[in-house]
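Labels A, B, C, D, E and F are assigned to the chains in the order they are written; within every chain, residues are numbered from 1.
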Amino acid sequence: MKKVEAIIRPEKFEEVKEALKSIKGCSGMSVTRVEGHGRQKGLVEQFRGREFKVEFLPKVKIELVCSDEDLKDVVDSILKSAYTGEIGDGKIFISEILDVVRIRTGERGKEAL
Amino acid sequence: MRNLYKYLIYVSLATFTCINSSFARDPVGAATLKENPNLPVDYVWILICAFLVMFMQAGFAMLESGFCRAKNVTNIIAKNLIDFCLGSIIFFAFGYALMMGDDWHGLIGTTGWFMFGEYYDVSKYLNMFWMLVFCATSATIVSGAVAERLKFGAYLIYTLVVTGIIYPIYGHWAWGGGWLSKIPLGLGFLDFAGSGVVHALGGFVGLAGALVLGPRYGKYKNGVPQAIPGHSVSLAALGVLILWFGWFGFNPGSTYSAHHLKISIVALNTNLAAAAGGISALLISYFNTGKWDITMALNGVIAGLVAITASCAWVEGWAAILIGFIAGGLMYFSVRLLDSAGIDDPVGAVSVHGICGLWGLLTVGIFADGTYGVYSVEPPYAVGLLYGGGWGQFLAQLVGLVVLFIWAFGAGYVLFKVMDRLFGIRVSPEEELKGLDIYEHGVPAYPDFYSKV
Amino acid sequence: MRNLYKYLIYVSLATFTCINSSFARDPVGAATLKENPNLPVDYVWILICAFLVMFMQAGFAMLESGFCRAKNVTNIIAKNLIDFCLGSIIFFAFGYALMMGDDWHGLIGTTGWFMFGEYYDVSKYLNMFWMLVFCATSATIVSGAVAERLKFGAYLIYTLVVTGIIYPIYGHWAWGGGWLSKIPLGLGFLDFAGSGVVHALGGFVGLAGALVLGPRYGKYKNGVPQAIPGHSVSLAALGVLILWFGWFGFNPGSTYSAHHLKISIVALNTNLAAAAGGISALLISYFNTGKWDITMALNGVIAGLVAITASCAWVEGWAAILIGFIAGGLMYFSVRLLDSAGIDDPVGAVSVHGICGLWGLLTVGIFADGTYGVYSVEPPYAVGLLYGGGWGQFLAQLVGLVVLFIWAFGAGYVLFKVMDRLFGIRVSPEEELKGLDIYEHGVPAYPDFYSKV
Amino acid sequence: MRNLYKYLIYVSLATFTCINSSFARDPVGAATLKENPNLPVDYVWILICAFLVMFMQAGFAMLESGFCRAKNVTNIIAKNLIDFCLGSIIFFAFGYALMMGDDWHGLIGTTGWFMFGEYYDVSKYLNMFWMLVFCATSATIVSGAVAERLKFGAYLIYTLVVTGIIYPIYGHWAWGGGWLSKIPLGLGFLDFAGSGVVHALGGFVGLAGALVLGPRYGKYKNGVPQAIPGHSVSLAALGVLILWFGWFGFNPGSTYSAHHLKISIVALNTNLAAAAGGISALLISYFNTGKWDITMALNGVIAGLVAITASCAWVEGWAAILIGFIAGGLMYFSVRLLDSAGIDDPVGAVSVHGICGLWGLLTVGIFADGTYGVYSVEPPYAVGLLYGGGWGQFLAQLVGLVVLFIWAFGAGYVLFKVMDRLFGIRVSPEEELKGLDIYEHGVPAYPDFYSKV
Amino acid sequence: MKKVEAIIRPEKFEEVKEALKSIKGCSGMSVTRVEGHGRQKGLVEQFRGREFKVEFLPKVKIELVCSDEDLKDVVDSILKSAYTGEIGDGKIFISEILDVVRIRTGERGKEAL
Amino acid sequence: MKKVEAIIRPEKFEEVKEALKSIKGCSGMSVTRVEGHGRQKGLVEQFRGREFKVEFLPKVKIELVCSDEDLKDVVDSILKSAYTGEIGDGKIFISEILDVVRIRTGERGKEAL
């Protein structure tokens, strides 16, 4: 099984969510708000007349564990739905998951996904 | 009995003097006081009520921002603040002259620009201040209907036009001695504290704005209206309670005299209608969804307040409860109707102020009980249908209502449409998605907290 | 000297007229004004003070929600809003009649239902409005003591009973010409603006509610009381400052006449006691924990205000400071005591309003200095122990206190216990854990923000 | 005409009586009323205005906490609350005596300690309450300038000194019959409602504090000033609107008489200056950065209010607009200047209250139009440069201004420096980084929410 | 060493925390608030009279790195303490950790846990 | 490629950020606010006169994926910049990342970092 961590633009979240829904094997995910720093330049904000640069921009992190077979579908559909072409689109990280347990049933491995 | 009438005349004279001081000009105030030594208590009453009305700005700011998403809070608050700032200057400069200056053919006022000359006078300034806070209330209502997508620059221009032209002109017709106040039906068009002049006007200009702008991104999915929850129930509730408090200036203060002891009845009626509006909205939504939807109850309170505003000096307590109760229901169904009709009004301004404002106008024609005159304790008294007054007053109200709707919606529509053609009044989709705060103002409302996706 | 007494009589007459207008009914207000041309300033005073008292609803809503967890904010605010709405209607319909209507054997009032007939009168409506805002204050206090676990439906029924029966009846005994005001000790039971009638009554009904409900999940771990911090110090502080502001209507307005210049002394005393209460609570908690616990100071301010409410017109400034200072301490130790006794009062309502309310009643018997009468600048004046008045007044206060405790706690206990038997007043454990907002109201207070576990 | 003068004299007498009641002492209030039956409306006016001024405490608390980071919110609110508590007691105990007691060589007052003896009197208590709320306003201003780094204990001592000594002494010079009010230029130093006495004094004591403390950690990076955004625009805006509302007590109430109908002009002028200040600050920052910086506009409103405070009773509406407009600009550039000069004033208190307070003092000498006297509708009237009054009044203002700056900054500097030497007034760097809330008060302001790094 | 990521119900957090405390080898953990989407149906909320479905529900993510020996204990005690039997109980993901460093001491590997 | 997860003190975040910026290969990172529980004793807070212990303390989690070569630099510079020597300094966890995708370009592997 693989864990897919995708860091995307908050405003693309709805689209990515819908795209992932349509993948059969992909029943669940967890979402966190993160602050990201990459090549994208930070925003200039201001407060009481003085401007300042916000280096870290709000991003959304999607974590999702899927079977090895579904991996390609998942990555592709994120790639498509999160894409704008502008700097700051984000990244997808893939890593190995050794085991999964469903707390409700105690099932393990692929069954638990 | 003769003594009583003498008294009535005396009181009315006092009030009259207070509004139309006959002195050339009296910035010192000594001559005015000498003419009528009873004025101090009237001044105190009017001023404090005006302060309360001004404080309603805080109520609107909190209610509207509470009902918006966190990413647009700076923007909605900026609009609420600046319309009062800009409106104050504009109304001082020429709105007041257009509204309350010497009448020209029943259409507009023509004197008092910049309060120069003979308008530098204690009673003129008093009247100016009083009228100003009402004008600002009307202006600020619109910000809710166009929230979360109207450019800030466009809002500035809107403020100029509404406080400088749209509001003062209708205000002149109804309150400035214009034609509406003189139509030969009942006692002429009556709107005690402004269900129509202030609230419905704001509400229908807002409707025009919401229509021209179109719904917010995400409000409709496949044509089905979605809920977009506001970011803070506590701020919204605070706003409603501040508004309720401020309304005690709005309504009772509109006697424009402390010598009308009627103010006690006005105050209680105001309170009862607000309470009834809150309850009816709460119950209706409970029967519909099984939840005690406090966000509806909050709107219901304002709906009740708006409705009683036109008639609070002319009705009994039980009628105030009924008026408020119906207003709460009207608001509820109007909110759902607008939603279904594809009109996106983020805070419910059109339903609360527009629809219930019109309902308020009608209540004068129905429930007026013949115990108060035209800002006077002297006869003739206003009498509605239920008290045997016949259709006269009701028709007068109907005329005012129709004229109001046409004027407010029409002028508003033209205003927003023209602006839209000239420079586009809606922010870009990207900006809307990310929130107006950072793009327009450079400052998020809550930089220390994470907000959800 | 004779002139002075003439004056006193005149002023008292004026006040009296203002309450018990002898006209059959005067909804126009002209006859009442003619009878007493000095009334406008009294009306202005009473109304504005009533507005301030109404605004205390916002204070309670902010204070209580600030002291609750984010997951229950919608609920506590809904309760604070709706008790005022419902209470307004109920008290108008029959609470007022029960409290202030024509006396029946010193036990209840019997006239004025729905303010029909001769009660449609400017001075009756004024009095009704005034009494209403006090009743609502009392009702809203309880919401704090039963916060975070009482079903919303049960709260609605509670509101009906407290504003329709429990409050009006004790109110009649103390303020409506009932038996307590006539006990032959001192000047009879005295409670100037309602330390007892309003605050202690609310506090002890709340105690009954807290007892019947039991503590919140997680309040005790192995019997040891845990702190459950509220979600917003800024809202709580705003609430306290609004309450402090509103109290200037509560206390000074209770002269029910602007012709009692005593109002200046009442205002300053109110302020001094509040300040002293805040300081003593802050210092005590600093000496106990080494931290400047502002949440305690906030409660301390309210404690001081509650305590001075009964005696503010009868004491000197230094006494007001002392009264407030002691109240702050009483509150502090009462909070800890209740905690240890297994009674969970999330916002401290019982200690602040209940205990300090009783203390306030006693202060009249101790510190009254013989410079003010029973809502009158005329003798007889109230005199307490310290000024040589003997035990009479003190005993009168003690009687009122005991009766109050029995009535409020007893009636409250029966009310909550009966409801609990009939349908269960506490939400389910799951709901309590997840918060009442989503289950009861379908709307979280801050949907845009992440809240902690 | 002769009648008119009689009238003026009568009114002034009334006012005078109200302040300096000639009775030995009258805690009942009956004798005072008999002497002047017109007093009730004045009492009502003064008291309600005082309540509004007190409510400004809530405005400051919200504005300052909104402009601070979430981790210091409990602290700044604690300071705002406790300075009012402590200040109330101290000013009652001896501040008032020092300020308004019988004059000693034009330098200090010497009677009225603890309001004992003949000061237990309705008009003395009235005056005490009025003066108290102004004193507290001045004290609370400083909390903003020293925010996010001053120890709470040091702030308590600061409060003692400023409400007990620094404020009362300058107050005596200007308002208590001291030497400044008698300098033989124009009508003597004039500061109608306290641009200088209250605001600039607070502002420059704050400057001293900010200087002694040094900038917050992170305010300068390599010498370049950084913005440190406040945690809540909505609370800050609420604070500004509450302040605006409260200012209608501050300024109009300062006639100290409802018989000066001038109060209407004062109210409108106050409103116009606030509006103009907000607009100018908004526009200036828009031209500088292309964003509608609402945080600047919020400060601009307060800047306008501070500036008009000294002159609101002496100028016309157009002048009020101009005064406010200039104030908004002055504030803007002063904020930037202080920033560049390495002085860290987290909420802009020095610029808003200090600089604009001085500007306000000067406006009396420039725009006074000869329609109002020294708290009197009787001549002699104040006349400024523009109305042909010559340099007299302007110079009087200049003297008061210079004295004010030296006194406030000097006394403040000594106070903070001495405290710093004795026990160190700044929290440890670690505490500053983690926030003062947990270290000093043991309670974070928003325990349920995650705050950003 | 293994990393255990458990996504659980917020209302079960206290229990899980207590359960983990009693495991000797398990000295630390990190907790994050996440929004989860799985088989559990979302809540219906309402705002101003209109109902809407919240698809993502609040969950708590516990991250905890432990030695291979402790793994079983950790997983079991989470399984027991987080269990309700209703849909939405959550999942446990297990993955490999290559190295751990304690910042305070610079210790590495199991020592650093 | 390796994923470095560092849990540090919030007040050290600025320093760590600056330190990481100076590493060439390290172009991005994601930051999350977490609540941590370790050997460090919790804070004692109080509310309305009653003290209570906050067991979980606010921490910052930095996630950063880097190439195997950069790993040492990254870890070292975090170690240096996050250090205070007091209990509670936090930990660094290192794990394997199988693949990375840059959403904007579709690049994969080290190119995508």
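The definition used in the following text is that a residue touches a chain if its C-beta (ideal position, glycine included) is under 8 Å from a C-beta of that chain, and two chains touch if they have at least 3 such contacts.
On a predicted model such as this, the values are computed, not experimentally measured, just so you know.
The set of chains in contact with subunit D as well as subunit E comprises A, B, C, F. If you take subunit B and subunit C together, the chains in touch with both are D, E. Interface of subunit A with subunit E: the two copies contact each other largely through different residue positions, with under half of all numbers used appearing on both sides.
Taking each chain's centre as the average of its CA atoms, subunit C and subunit E sit 47 Å apart. Centre-to-centre separation of subunit A and subunit C, using mean CA positions: 54 Å. With centres set at the average Cα position, the gap from subunit E to subunit F is 18 Å.
Within subunit B, residues 41, 44, 48, 229-230, 232, 238, 289, 291, 293, 295, 442-444, 446-447, 449-453 each touch two or more of the remaining chains. Shown for subunit A are the residues that touch two or more other chains, namely 31-33, 35, 45-47, 51, 95-96. Shown are all chain pairs that touch, namely A-B, A-D, A-E, A-F, B-C, B-D, B-E, C-D, C-E, C-F, D-F, E-F.
Across the complex, subunit E meets subunit F through its residues 3, 17, 27-32, 63, 65, 95-104, 106, 112. Considering their complex, residues 35, 45-52 of subunit E touch subunit B.
Across the complex, subunit D is touched by residues 3-4, 7-8, 11, 38, 41-42, 44-45, 48, 52, 69-71, 229-234, 237-238, 240-242, 244-245, 248-249, 252, 258-265, 267-268, 271-272, 274-276, 278-279, 282, 289, 291-295, 297-298, 301, 316-318, 321, 369, 371-372, 377-378, 381, 446, 449-452 of subunit C. Against subunit E, the residues of subunit B that register as touching in their complex are 67, 225-230, 285, 288-289, 291, 293, 295-296, 299, 332, 335-336, 339, 348, 452-453. Residues of subunit C touching subunit E in their complex: 218, 430, 433-434, 438, 442-444, 447, 450-453.
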